[in-house]
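Naming follows writing order (A, B, C and D), and every chain is counted from residue 1.
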Amino acid sequence: MLTRGLCILKGLSFHAHIQLRRGMAKSKFEYVRDFEVQDTCLQNCWVVVRVDGRNFHRFSDQHNFTKPNDARALLLMNHCAKSVMEEIKDICLAYGQSDEYSFVFHRKSNWYKRRASKFMTHVVSQFASSYVFYWNEFFPEQPILYPPGFDGRVVLYPSEQNLKDYLSWRQADCHINNLYNTVFWALVQKSGLTPAQAQDRLKGTLSGDKNEILFSEFNINYNNEPVMYRKGSVILWNKVNEISKKVIKLPHEAEEKEVEVCRVRNQPVVLHCDIINDAFWEEHQNVLSAES
Amino acid sequence: MLTRGLCILKGLSFHAHIQLRRGMAKSKFEYVRDFEVQDTCLQNCWVVVRVDGRNFHRFSDQHNFTKPNDARALLLMNHCAKSVMEEIKDICLAYGQSDEYSFVFHRKSNWYKRRASKFMTHVVSQFASSYVFYWNEFFPEQPILYPPGFDGRVVLYPSEQNLKDYLSWRQADCHINNLYNTVFWALVQKSGLTPAQAQDRLKGTLSGDKNEILFSEFNINYNNEPVMYRKGSVILWNKVNEISKKVIKLPHEAEEKEVEVCRVRNQPVVLHCDIINDAFWEEHQNVLSAES
Amino acid sequence: MLTRGLCILKGLSFHAHIQLRRGMAKSKFEYVRDFEVQDTCLQNCWVVVRVDGRNFHRFSDQHNFTKPNDARALLLMNHCAKSVMEEIKDICLAYGQSDEYSFVFHRKSNWYKRRASKFMTHVVSQFASSYVFYWNEFFPEQPILYPPGFDGRVVLYPSEQNLKDYLSWRQADCHINNLYNTVFWALVQKSGLTPAQAQDRLKGTLSGDKNEILFSEFNINYNNEPVMYRKGSVILWNKVNEISKKVIKLPHEAEEKEVEVCRVRNQPVVLHCDIINDAFWEEHQNVLSAES
Amino acid sequence: MLTRGLCILKGLSFHAHIQLRRGMAKSKFEYVRDFEVQDTCLQNCWVVVRVDGRNFHRFSDQHNFTKPNDARALLLMNHCAKSVMEEIKDICLAYGQSDEYSFVFHRKSNWYKRRASKFMTHVVSQFASSYVFYWNEFFPEQPILYPPGFDGRVVLYPSEQNLKDYLSWRQADCHINNLYNTVFWALVQKSGLTPAQAQDRLKGTLSGDKNEILFSEFNINYNNEPVMYRKGSVILWNKVNEISKKVIKLPHEAEEKEVEVCRVRNQPVVLHCDIINDAFWEEHQNVLSAES
């Protein structure tokens, strides 16, 4: 026991372990705080936090995700990303595809003094708890079997071009993987190949070859596939008019009445479009220029 | 557009953006990977990941947590911590109190090459998703209103003594806060003081004074308060016999029959005891000595 | 003893301690190399290494430096900085004043894989050995009494503007200190005030007041003070024609003859000018744009 | 120009750039200081700074170092290491061989708040300036041709065993290299082999083979080679009686007289001995136990 009179700690009374500091009790163990190290992100750099599903191959199998893309799973990911942005307003943009999501903090952000561990853990924990919380909305007929884990990391980009190239890298990755997966699963699901056979068939093929297979064998024009699958999802802040109803009673009137109240609110909005070309950045100039 | 023939990227065809590497398509944007920095934890140090609830003052209010302690909330925390340990076997011990939990990775652990971001984000995301996932088990009559966030950090301790002092620090903190909260809420709930009055009453009091108030005014012997509240929770691995039933059919027998199968399994077990004194470490010598 | 047959190490023969790796002997102690941590500087950032004299107040007293400025000491600093740049070509610019010098590595530099410890220690050690090596050239009548120490640090700047502001900060510091010192030492050396009296006199004065004192009491127009004192020293690379003599013998001629050979060489050149205004950067556009 | 009335900075007067802070002028550029990052060494770890000569192969050729070992060069290294220790008392031990030296700061040292850059740059710059400063004492007939550079790094060791293993690693390295070099240069200098032939001859040989060649072909017993070459140099602090003469005049005596004053002083002392076996550490128990 730690309290007075009763507890003897290693031969000393408890009071010997506790000193007073500004009226607060403080233990002799507090020196261990000095072992924490600062992990400040370099000033004036874009801070990207990327979240990845842990063992999502297994998770998607056990929860019967549709192949090659499960719209419910992607929409859930988008919803979680919006939930993260609503909680952390310093995020100016997010981009997601497959089981990953990248969140961009503005270069001027001073959120939690730019501590890397704060960036990482707040984003990843909010994403993880949202994933379970909103699961039922998107998978009403498929119960979630166990709590999933996520991996997070922080990467800094000093220039706007570096940041754009990062996002382009993720979108190019989305394209490459989705094209591959679309053909792969067509071969398996429609032509009856085994996964190993499908893999063999695709070995060494270029983008063009894969488009050709889709078109000639399955009559699929890849460009007509859903844009969310081909481009992933971008989330930006957008001003929206929010209309809500309120019951008010004006002083000179006898009765309460319901009125509509309109308020401009910043809201995360999901887009599916190319972010590699300059057109996107020209259209959304305020995204990176505006300070958080 | 990224696909063949159609898409022109900044004046180049898409193929100009993609090169082949060992049969894998690779975009020109991949250079951005070099901006990731290594965050390896120093070899041969104990790695502690501490998870804290974000804005849990508000969360506990909105979910009607009992004051000063809500057993359901503490048991849920313990359950989440066990869930984390089941997922990450390199954790050799965990200690929790209030809305925080500390996880200790063995000094010899080489999990994910000891990358700090992996330690932090896997623990915190597993904890967060478990919190929502298991909520209903512990709060059957109180729906969870929104997904909670958690904060995580990594701290390294070079010596066993530093690590023990870290855990002692957290348990001393538990004691100090719980004693304060126990008196504070007694004054508010039983004597009808306002929070401000209760705070004033306690200003400058030492442990002994608080014990005295509890005993003389509320007939409470603090040492008889539930030990989970006073000491927090320690989780260790324990070998348990796991008995399961299996239906088998032996080759020389006509019918199937049900048999009991016994298996020794390592399981996380929750204790509520003093971890400041040497007695705890003498009793559980294998905890720190055993390699993960 | 470590050799065969004779030496017994902790009960084992020496051979038990040494294994063969690719034909090279390797000791069992090599695991300690894994404790080194990577300290890579973030890609695409300007890397500044600043060197400061250690205890130079004492050093300048003991070597009879002229106050407030000793031209010999400043010229020696410049010479050392040039020696550093000749050794490390990735430095694109240096700026020095008083007992400090800043070296700028180009943002694209990949010198020693951008390891911070390499940047720091190579610069500081080359500077320190040069200081002693060239001392006699600049202080022919004042022997150097002991080897001086220097302090070094690395700072990263993501944008060109940040880098320019860093250099402006150092030059503004040079101005502020030099103006103060010029007045301070005039009061001491010419008006016979004690240092304490001079300090008191200057307490709370602004730049304008100091200029006034200089002009009205000592007939000094601060702007006519030597520019190296007021502005410090910038070192840039400059292409110069280097003419050397060579003795050659042409095949169809009977005798050797001496010829002049002209070669364009990159050489560090010292300037004393304002680097805060844009004019400097407009005139020297290639300094930051050219890749190292 | 930065001074009053004259200088216009980017459209603003200079005064707009300077604010007052506690009576000190402060420029608007000072924000760049926030880009410096903390590089604190983890508490309670042994801090090793290793210094290596840069391009010393070339340096030793140009300064006619004797092969395989040049006693003058090794003694100069030892002298520089002592000079470093005299300047930085928190170093509790140093070990050197060839063109490298390792300096051990005590685990409890709080020198410059344990900043890695301070540890590295102070040690390496003091070493470099000492190298040039003391050169003539050790090479009276060989002028130093240019200022040498050195490389430095910091490595942390959490346990005493890790630290001892680090030092053993360096001494094993000394043994392996020196044995090789001794045979190699005997083959070249005494048997007239070319370096390439000597290298071929030694390819694949073990320690025993090399000892055999030395003994049978050159009548050299490796164990009789100078111990400084075989073991390198350890530097420890040692209490010594320092006797100095002083002229004093006692109040009741008519004349001044010279007296001897004896003072106990801590001095770095060089040893050449095995540091791999426990015997060394048993004999010098206070080296690691004593706090700095």
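To be clear about the criterion, a residue touches a chain if its C-beta (ideal position, glycine included) is under 8 Å from a C-beta of that chain, and two chains touch if they have at least 3 such contacts.
Protein identities per chain, from UniProt: A, B, C, D = tRNA(His) guanylyltransferase.
Not measured: the values here are computed from a predicted model.
Enquirer: Hey, which pair has more contacts between C-betas, A-C or A-D?
Expert: Of A-C and A-D, it is A-C that has more C-beta pairs in contact.
Enquirer: Which chain lies the greatest distance away from chain C (tRNA(His) guanylyltransferase) when centres are computed from Cα atoms alone?
Expert: For chain C (tRNA(His) guanylyltransferase), the chain whose C-alpha mean is farthest off is B.
Enquirer: Taking the mean of the CA coordinates per chain, how far is chain A (tRNA(His) guanylyltransferase) from chain D (tRNA(His) guanylyltransferase) in Å?
Expert: Spacing between the chain centres: roughly 50 Å.
Enquirer: I'd like the Å distance between the centres of chain C (tRNA(His) guanylyltransferase) and chain D (tRNA(His) guanylyltransferase), where a centre is the mean of that chain's Cα atoms.
Expert: Averaging C-alpha atoms per chain gives centres 22 Å apart.
Enquirer: Could you give the separation in Å between the centres of chain A (tRNA(His) guanylyltransferase) and chain C (tRNA(His) guanylyltransferase), each centre being the mean of its C-alpha atoms?
Expert: A distance of 45 Å separates the two centres.
Enquirer: For chain A (tRNA(His) guanylyltransferase), give me the residues that contact two or more of the other chains.
Expert: Correct list: 35, 37, 42-44, 156-157, 162.
Enquirer: So in the complex, the part of chain D (tRNA(His) guanylyltransferase) that touches chain B (tRNA(His) guanylyltransferase) is made up of which residues?
Expert: So the residues of chain D (tRNA(His) guanylyltransferase) in touch with chain B (tRNA(His) guanylyltransferase) come to 42-45, 107, 156-159, 162.
Enquirer: Under the touch definition given earlier, write down the residues of chain D (tRNA(His) guanylyltransferase) that touch chain A (tRNA(His) guanylyltransferase) in their complex.
Expert: 34-35, 37-38, 40, 42-44
Enquirer: How about chain A (tRNA(His) guanylyltransferase): which of its residues touch chain B (tRNA(His) guanylyltransferase) in the complex?
Expert: By the definition above, chain A (tRNA(His) guanylyltransferase) touches chain B (tRNA(His) guanylyltransferase) via 1-6, 9-10, 14-15, 17-18, 20, 23, 25, 27, 29-33, 35-37, 51, 54, 83, 87, 116-118, 120-122, 124-134, 144, 146-157, 162, 165-166, 168-169, 171-173, 175-176, 179, 203-204, 206-208, 211, 222-223, 230-231, 274, 276-278.
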